[in-house]
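There are structures below to look over.
The two complexes that follow have chain A in common; it is paired with chain B in the first and with chain C in the second.
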Partner chain A sequence: MNRQRILLGFACLVVLGIVPGLGAEKLVFSELWDPSTVSARIFWDLRLPRLVLTLSLGGILALVGGTYQSLFRNPLCEPYVLGISSAVLLGVISSELFLQHPAGTPVSISMGMLAALGLVAVLIVFSASPLGSPERVVLFGMSANFVLSSLLFLALSMQSQNVGGGTLKWFFGFLPWPSWQEGLWAVGGGLVTLVILGSASQALEVLRLGDAVARTLGVAPVATRNLLLVFTSLVMAGVVAFSGTIGFVGLVIPQVCRFLFRPNSMKELMLLSFVMGAAFLSLADGLSRALVPPYEFPVGVLTTLLGGPLFLWVLWKKK
Partner chain B sequence: MGSVEEKMKPVMLKAVQLVVGFEKGSPLNQVPLNFSLPQKGLVALTGTNGSGKTTLLRSLLGEKTLLSGNWFWDGISIPVQKWSAGNLSKHIAYLPQEPLYESTQTVQDHWRLASKVRSFRFDLQNLASELGLSLNQRLGEMSSGQRQRAFLGRVLLQPCQLMILDEPTNHLDTELKQDIWRTLKQLSQGQLIWLATHDTENVTSYCDEMISLSSTI
Partner chain C sequence: MNELFEAAQYFMRLADHRQPSPLFEKAQRVWMQAQKEPLNFKYLALAWMDPPILFGRETFFVSLLNSLGAKGLFPLQWSTEFLKVSEEWLIAQTPERVIFLSHNDQSTQRFKQKCRQWWPKNTPPCQAVPADHFARASFTPVLNLQELSPNSESKP
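Here is the complex of A and B:
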């Protein structure tokens, strides 16, 4: 059991060491400490903040995925299952179309968050009565997702006529070159998410035993689920506004962690997922820049290409 | 509803005019249920399949299966079905008929979940060996009999005044059943245990009282 964990730690170190070196521009190692050189500027001002961003986003995606799988008692759940991403993107694109505030601006991010909260409110109201069961939340979320993504396609087709191109990136995920400030925001968000979901980990384990048992163990099921829904939706709204929908990290990483490390508790699973998700997304991002330079693939294509076979391997081994 | 002999024992839980069933479904009992449960002892809940045993038990636990009537707990004015989870956990421990579980969890991790409430009643290691389990076994890698014992262990560990067990001897062979019945009998000297069961033979030899539901009521 421990050997796998040591390997994960080692893999993370390798990712940290290699990924900033990947990209169209070859870095000269000896120039990194001289701020006037191109290598140093690319390394310190572009690739390091980007690495910090991908580590945080990857960690968050895996964490939220693991949380949803446990919360909804369904191994197929991933962070986008409830339609949050469609809602956020609809908000972001509406702000660009109707308010002339392009993606990434505060107005656009606020619109995205508002749309996510609106969706969660609808989910809570519709799925809470009469039973409030986790299955109902997922079913409502999935149907909301269908409706919202058709609306999104509609908005996108309008947008591409007006503004032109670039819309596919929202669906396959993309990563900006963030400033240090943005990168540190993402780190803060990642750590807050880790602490809050980590502190909810025992409640999640209790909820896993069913609502009636959870009550006799002191956990109010509906209230806990709703709180977690609101929190994770806000987090995901932030993630989507930054990076579109990056598929597979949230679905695959928690599953792979379960299989590889057989963690004893939800807390352990969360920590492992966070670390592995961070390393996985950063590696995918590095590869997306390094495969056919100077072209950069949407990172979601890489996560799916890497994650798909990984998932199949786990399923194969598990049978 | 079979008549319950009203003895002069102190009452802990009282059912007043209960009608149970599912929302938008027809009620499971035509005649409202009225009975009371003592502070201590082993009480059986019997009845044919579909007579509403599980539904009745769950109506105590905040599930919306109470169409009308109230559950009253001695000295507490809010009906039990409206209690907060915090309040429920101080008084009631519950074993469902088909417990949900995380298959990668070990017996020890599963039992630890009961510690969220208060400190354990038993030493984990002792309880495990008494139930013939090892603490490091994973729930997903056990036989259904072993798993049932692990679930029972979780409930036995949780300090409570009322233990509600839905078919606790499910999946157990005859010898183990006897062990469990004896353990429950012993525990019931100090608290109330209410259990739904089809095990009529043992009900007559171990239980102090019996409440029976029939679909013809």
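Here is the complex of A and C:
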């Protein structure tokens, strides 16, 4: 197992070394230290902040995916299963349609967060009710997802092309070119998420054994689940408001980590998922920019194209 | 362009307009003038800003500018109507004019701000074209206009 972990570390270093060199423009490495050159601007002002952002977002997505799979005792759970992403998108698009604040502006992001909070409140009320078993919460979230997605498509289909042109990117996952400040905010968010979910890893491990066992071991299942639900939903609302829905990272990476490294504890799984998710999304982003320059693929398309076969490979090997 | 004027005259005859409209006459004057003094600049035409989407070679907008003598920086290997490009590709270009289809004052302001951000040293003149006035012309694929021409094989 140690050999595989060393390989993961090595693969991450390779990704970190390769990804800043991938993109629509070829960089002249001798010009990187001269800030007036195009190569230096592209490298320092565009590619590095973006790498920092993708590392954080990839880590968060894999981490939240792993958390949901344990929290709801369902290996098919992924960060978007509860419909938070659809709620955020509905908020963002409503702000564009009704308040004339385009997607990506502070007002639209606030609207997205508000919509997500509304859904979280509903999920918590449902979860605290006598009907709120983990399986039912997931099913409730999935149906909320369908309803909100339909509303989203209805709103889009009724609107003119200028709205559709800007909002389509949210469906396929689209990483912005962030400033250093935004990139560092994302790193902060990623680390806070890692610390908070890491500190809840023991409770998550107990919850996997079932609510009755959790109670006997001193963990309040409903309260813990609700707290984690609120926290992860807020994190996911932030991620979606920034980058749209990036599929497969949260579903595949924890599964691949479980399969490849067979971690002994939830904490270990979280750490491995975070590292591998960060490397995976960064690689997908680098490829999305470099495959057919100057065209830039939506990163969600690449994560699905890479993640799909990876998922099938894990399923095949697990049989 | 000549085909377009021919098509317009054809439709005017069909509609039994004896006198050409002032707008038509103005367009024809501008066109004749451009034949004498072609526009001589390299340009980028943006249909969308975030993500940056360029007007492609197959749009009327670009066809019009090119036939007036301007040189588009749209990558030649792509024969498409629109192309989403990477921001780093934009930064590496050196346009002498940037044209943007703006939807409102807010997007015009953001466009000017982006222009300064993309080309901080030599910011080219960045001109916002109001979408509500020009959307039909600018989003029309050039092929459709060619088909309207009376010289075309598929004339109505």
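Observations on the structure shown:
Rule of thumb we're sticking to: the second predicted complex is superposed on the first by the 309 of 319 C-alpha atoms of A that agree within 3 Å, B and C clash if a C-alpha of one lies under 4 Å from a C-alpha of the other, contacts with A are read in each partner's own complex, and residues count from 1 in each chain.
Here is the rule we go by: a contact is a pair of C-beta atoms (placed from the backbone, for glycine too) under 8 Å apart; a residue touches a chain by one contact, two chains touch by 3 or more.
What you see is a predicted model, and the numbers here were worked out from it, not measured in a lab.
Taken together through their common chain A, the two structures put chain B and chain C side by side without a clash. Contact with chain C, but none with chain B, is seen for A:Y295 once the two complexes are overlaid on the shared chain.
In the superposition on chain A, A:N264 makes contact with chain B only, while chain C stays out of contact range. In the superposed model, A:L209 makes contact with chain B only, not with chain C.
In the superposition on chain A, no contact is made by A:I18 with either chain B or chain C. Of the two partner chains, chain B is the only one that A:G218 touches; chain C does not reach it.
Once the two complexes are overlaid on the shared chain, A:L234 sits clear of chain B and of chain C alike. Once the two complexes are laid over each other on the shared chain, residue contacts for A:F174 go to chain C alone; chain B is not touched.
When both complexes are overlaid on chain A, the residue A:L32 reaches neither chain B nor chain C.
Taking the C-alpha centre of chain A as the vertex, the lines to the centres of chain B and chain C open to an angle of 160 degrees, rounded to the nearest 10.
With the two structures overlaid on their shared chain A, chain B and chain C come no closer than 44 Å at the level of C-alpha atoms. Within the complex formed with chain A, the chain B residues making contact are 23-24, 58, 61-64, 84-86, 88-89, 92-94, 96, 99-102, 104-106, 109, 113-114, 116-117, 158, 160. Chain A makes touch with chain B in their complex at residues 70, 73, 130-131, 202, 205-206, 208-221, 258, 262-265. Remark: chain A residues 23-25, 36, 38, 41-42, 46-47, 100, 102, 104, 161-162, 165-166, 169, 174, 176-177, 289, 293-296 touch chain C in the complex. Every residue of chain C that touches chain A in the complex is listed here, in rising order: 47-48, 50-51, 53, 75, 78, 83-89, 91-92, 103-104, 106-107, 121, 131, 139.
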